[in-house]
């Protein structure tokens, strides 16, 4: 029943994506975005794409999140939606 | 050495861009001459390859990067179609590089080396997109071209930021749709090479996935070329950009996207498949007609001449998409020829408007008052380009319209024919209005003062701007005069089968 | 159920694509649009990776044969059915890097707009441009 | 706008669901995508390039031209962001600009911890670069890890501290240099009479028996290419961060 475990991961990914887009606080949104990228990277490891997962862990969960935080720091941190 | 020409077309500007970064960081003065030299080298190798391709037996030059045979490696595939587009792109880029010296110094003072690096890399991306024979390589170069053009357009400050942000969002949607389409093709064919996919797809029959892949590829490319429902980003982005940027981006980005559309339609897929399996012809023709009419009418409503030209670009995209979707060899010939002609016309017009902005500070209608007395040479180039836009022989605008009308007549798309004619009429109105203002010195609303006999000083735009303008104007006439050679030697041999 | 089991990966891709596209077009906050763009690109990467997965195979790094002591050509197990598809993974490495470059560019524009208009909500900016 | 977005995305979703039944099942070993081209790489990578990590060999050799322009994309991002965002303190008055409150980082805990972990990150980055032929990793991953180590330093010890170690001049030059190394290897192949990026043309540099030397040349050229990628990506990541975090002023970060 490996696919049930997989399925749980997929549901978490979707929840993380929706949460990122709907949080009012931009900093929190950026952190959840990092979580989303990391979950994605777990999925890809399961599918055997280790190089891609490695890059995503470094780029998506690491550097992209920092970029979003850096911008959020310089602007108003509350979003209207 | 001869067999290396196809790759040199892309490599020379790429290395030039690197040299500009490394040298321009210390000596900004050297940036512009370096850019001109690099683009000239690229233009020469494009012409050399175009001559070479005519002498090869099957009319195709294939260059294997890394010496891996396709479909395993990446291939540069050079034939008459992209040969002509490459020559046009590198020629236009060369002209703009010569032209850019003064406007860039005036508008982008401290960022000269950045500007030329991005400029040359944008040309690299466009040339690479055109010459590449690999669908994914095309995507990577599309992204290079897209990212550089975002940066170049956003250098215009103020309103340019919002316009460019819209372009980033829509451009990314377009590129991602293209990538998704490539993914669907990969899942069904297992290949990324355009020629290889073209041989596999006919064997797959009426597969749903292939059809959806076609849809995604088309929508992606249409967003990139700003066809009617997706044109929202174009006018603002091009209007608020710096002069030199809009001169480069406006003629080239959309035309190269049209080329990519043709490549997908007739080389990845085939004419039989598109016009028999996919029943979209009438829909796309209707969209093209709406694009032409809407672009022309919106152009009529503008007071800012630069914005007026951007709407004319939207109309011209309608011409080309319509011509390709008539499904006739005449229409396709017209489309290919119009890619060349429209690139040259647009660059000429934008350079003239840029000179006006450089001298008078804005591109509003009022700046054209008395422009004929003060800038006679610049304005006469505008007349030549205007005649070409209207479609007066012997300029090349006439011949492309002639072929497009012929194609529309054979396939009995009469609405499209009428739209072409209406658009020509509106172009005539637009340009006569400008020339009238420029010549008689009064906008049509105000009455000219009969006692105003002041002799106006000639205040011509600088020579570094005038020479490329006139080279573009001359190329319009020359292309028109050599239409027959271009069509018979390069366009007709590569027309795909299955067209009426 | 069998249909779900066969297609759940593609379904996830479709759902993420929809979320991403919706956010890119419909969200008002510009940073949210950028994040939506990342989700959209991620979904496409997911699509390619799912396409390249093979049942019962391992990562695309060649394994040594049992008892091999050297690292020559003949010491590795060479059998395409045992390894996942490398091609789609390479394409997606490129796509990830392109994605982060685009994200950087978009965020830059957001910051410039904030400096210009003092807000990063689309409707307020459009109001001020008028 | 909201309803329009919803309609468009639902439309796209429904179109995609229609295509599902036509796609090969998940994990199908014999689907065209898994057999036509990709099998060739798995079959031949060892005898043609000598690199067991197929991802590295395809990335840097079979499809090296893609990767070169991928490096180009990163380079373009640096130059583009610099062109848009960089502000000059000589031309603009920094005092008049409204900026968020700045709390200098307290180096007591985070700073010391970061300084402890940064060397390990960098060693790991170098390992990922050097061992990319045999294990997951390669130029991009190494570049991002090295870049992230500098970003970590900037976040915990202040942007100035990091900028004094990797100055603006240096990261622009390094990002150009990395791209130049990649393209230069390709150009060297042309000088030795091969096609662009045909690393086997460098075989004369390796010596030994020709067929072995060609494989060896590919193997070593790939390492050089990855080094170029690392340079560009490392400096690009830090460059983008420092422009974004300091809003273009290059004086202080988060």
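As written, the chains take the letters A, B, C and D, and residue 1 is the first residue of each chain.
As a working rule, a residue touches a chain if its C-beta (ideal position, glycine included) is under 8 Å from a C-beta of that chain, and two chains touch if they have at least 3 such contacts.
The model shown is predicted, which means the values in this text are computed figures rather than measured ones.
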Whole-Å gap separating chain B and chain D, where each centre is the average of the chain's CA atoms: 31
Chain A-chain B separation of Cα centroids, rounded to whole Å: 38
Distance from chain D to chain C - Cα centre to Cα centre, in angstrom: 15
For chain A paired with chain D, centre-to-centre distance based on mean C-alpha positions, whole Å: 20
Shared interface positions of chain A, touching two or more other chains: 50-51, 55, 59, 63, 67, 70-71, 74
Overlap residues in chain C, where contacts from two or more other chains coincide: 8-9, 15, 17, 19, 21, 23-25, 27-28, 50-54, 57, 59-61, 87-89, 93-94, 97-98, 100-101, 104-105, 107-112
For chain B, residues contacting two or more additional chains: 136, 140, 143, 147, 150-151, 154, 186-187, 192
Chain-level touch network, classified as line, ring, star, complete or other: other
Chains grouped in pairs wherever the two touch, ordered by label: A-C, A-D, B-C, B-D, C-D
Residue ranges of chain A touching chain D (in the complex, touch as defined): 50-51, 54-55, 58-59, 62-63, 66-67, 69-71, 73-74
Residue ranges of chain C touching chain B (in the complex, touch as defined): 17, 21, 24-25, 30, 33, 37, 40-41, 44, 47-48, 51, 87-88, 91, 94-95, 98, 101-102, 105-106, 108-110, 112-113, 116, 125-126, 129
Parts of chain D lying in touch with chain B, wherever the complex brings them together: 15-16, 18-19, 21-24, 31-38, 40-41, 61-66, 69-70, 72-73, 75-77, 79-84, 86, 88, 91, 169, 172-173, 176-177, 179-180, 183, 187, 190, 194-201
Parts of chain B lying in touch with chain C, wherever the complex brings them together: 136, 140, 143, 147, 150-151, 154, 158-159, 161-162, 164-165, 168-169, 172-173, 176, 179-180, 183, 186-187, 192
Complex contacts: residues of chain A adjacent to chain C: 3, 6-7, 10, 13-14, 17-18, 20-21, 26, 29-30, 33, 36-37, 40, 43-44, 47-52, 55-56, 59-60, 63-64, 67-68, 70-72, 74-76, 79-81
